[in-house]
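Got a structure for you, written out below as structure tokens; questions coming shortly.
The chains carry the letters A, B and C, assigned in the order they are written, with residues numbered from 1 in each.
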Amino acid sequence: MAQSNHLVIKKLSFSRNERLLFDDLDFEFERGKITAILGPSGIGKTTLLKLIGGQLPVDSGEILFNNQAIHNCSEKVRYQARQKMGMLFQSGALFNDLSVFENVAFPLREHFKLEESLLQTLVLMKLEAVGLRGAKDLKPAELSGGMARRVALARAIALDPELVMYDEPFTGQDPISMNVLLKLVKQLNSTLGITSIIVSHDVNEVLSIADNVYVLAEQSIIASGSVDDIFKQTDNALLQQFLLGKSEGPVPFHFKGASFADDLEQVNR
Amino acid sequence: MSQKKIELWVGLFVISAGLSLAILAFSVAGLSFKGEGSSYTLNASFSNIGGLKVRAPIKVGGVVVGRVEEITLDVQSYMAVVRLSMFENKGSYPETSSLSILTSGLLGEQYIGITPGFIDDDIEMLADGDTIEDTKSALVLEDLIGQFIYSLNKDD
Amino acid sequence: MITSFISHVGQTSLTFVHLIGRACLMLWLTLFGKPHRKLFPLFIQQLFQLGILSLPIILTSGLFIGMVLSFQGYYVLVDYAAEQSLGSLSALSLLRELGPVVAALLFAGRAGSSLTAEIGLMQSTEQIASMEMMAVSPYKRVLAPRLIAGIVALPLLTLLFNVMAIWGGYLIGVSWLGVDSGAYWSVMQGSVDYVPDVLNGVLKSVIFAIIITWVALYNGYYAVPTARGISLSTTKTVVISSLLALAMDFVLTALMFGA
């Protein structure tokens, strides 16, 4: 295994409510690179992040973070691993009874006994990095969606994680906030060397900053490699449909079911 | 609201609940600081205790001087044996005293009344573990009515 | 028909066993193991949320229930010329039954429902998940202080409820209906005992508090993370915890005062 792999997933299988989401998948995430995981909605991309964070148990397979298995280990090891991970949730997941400042201070207050002045400096640094130092006294309810996500990002990097996972960071953002977020993700990755995993279905935006890509469909990986590689695979119809967003192709417009004629016959009987 | 203010309110809340417990204990349940003090035990057997219950009061002239501690049946004599816990600070009684099971009011709770006996030079005072011989059983209302009807019939 | 009935019964009991297991596991993870570093200040905050904020409804209800009890008791007792026993009637029924039970029902409605809604919302907005990802155990950080505060708050509220109700009963009985004040207190003191009446009532409310807080936290933690799911869970908390408290009251009364 190459030394540069920060996170490795081997033979991962997972199903929920008797529906198979992942079937025997392998992933490798390079240290200090941005890896995008693309795929249509409802394919379990968020679930994958929760599996990496150890919030859900795997059915089979293993997930190695810094060569340390996240599953089938003690709660303590898992919590130690999580201190080195940050996750940006789709909704931001800010604590709505705490101010912006206290939200970012939360992980620091939980894990370290810091002097108040040092804590303030650290929090203000993180808020400065996402450009929201001026909003420190606001409540989450007073923030716009884009600002809430930036605050959540500041909170996710508060513990200086080695790995940050982004769950659909660009969904429902106006063009300006989207570009701000893109810039932030790129900046954090290049200046702090944070390994980043972005789960998304906003193909063009994500591919503009990603180094490597995995494309998921139907329980399996349909394409993987560097961004340039992906666009070269023109013979992969499913991939092309997803990348270009065509309504017809291997992914059918119709949901699986009995034929229309059969259904009509049933109705008229 | 600041943590200081919250602490203040919670403190007030806990203190007032504590006060409530004290009010319930002392003015509602009538618990007294003195307590019932130390006590000594007497025994007495009755042929019939009626509706006497454990913790029923023992009174002398209407003043509570003890409580019923235990009621058992002596399987040899078929007598009810009552163990009495007498308060030491309410004094002691001569061995000529008699016990009777009385009822407070017509339908009230039953209690044990002590009628203190005469005191003479050769009469000792009752001490811990002694047994009172002179006992009067509870009046059972049904028996009383039965006797009354019987005596009416006899007169005819 | 019969097989479908049997399979239905089997399914239901399986779901029930599953639910019990999950609820017990939640309780275990909340209470055992290393407690949160700031458990005490968090507990104080929750005692404020659950205790102080329930005070207005508990105190007013206590006052009115005591007053009504005194009224109704008086009209029955006066027929037997036993109105002096009014104090004993209201104090005994309040301390043994009405106090713990009514306070518990009000607590389920006021504090239980708000607990479920709060935790359900934290679950649906991924606040719980994000806490886990920050390596903070939501059991120790969110559930434990609330559970302990609930268990402490209800007995304290019950004591205040009882005092308020007995005072309300005194107001009506003595000041309005003219029962002799001395007789009111002395008959009450004669019939109420500290350990079996006052402390048994407190013990009851501790048990009700465990039931209500546990049910409320469970329903919040495992709420379906949608607006409708949270509102259903909130209703479920009030209904289930009230019913469980009443059923438990019957069992406790039989154990404490029966036989």
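Convention: a contact is a pair of C-beta atoms (placed from the backbone, for glycine too) under 8 Å apart; a residue touches a chain by one contact, two chains touch by 3 or more.
No experiment lies behind these values; they were computed from the predicted model shown.
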{"item": "Distance in touch steps, counted as few as possible, from subunit A out to subunit B", "value": "2"}
{"item": "Chain nearest the overall Cα centroid", "value": "C"}
{"item": "Pair with more cross-chain C-beta pairs in contact, given A-C and B-C", "value": "B-C"}
{"item": "Cα-centroid distance, subunit A relative to subunit B, in whole angstrom", "value": "76"}
{"item": "Whole-Å separation of chain centres (CA-atom averages), subunit A against subunit C", "value": "42"}
{"item": "Chain centre separation in whole Å, for subunit C relative to subunit B (CA means)", "value": "36"}
{"item": "Subunit C residues touching subunit B - in the complex, by the definition given at the top", "value": "41, 44-45, 47-48, 51-52, 55, 91, 95, 155-157, 159-160, 162-163, 166, 185, 188-190, 192-194, 197-198, 202"}
{"item": "Subunit A residues within the subunit C interface of the complex", "value": "50, 53, 55, 79-80, 82-83, 85-87, 89-91, 93-96, 106-107, 110-111, 152, 155, 159"}
{"item": "Residues of subunit B that touch subunit C when the two form their complex", "value": "1, 3, 6-7, 9-10, 13-14, 16-17, 20-21, 23-25, 27-31, 55"}
{"item": "Of subunit C, residues touching subunit A in the complex", "value": "37, 125-127, 129-130, 132-137, 141"}
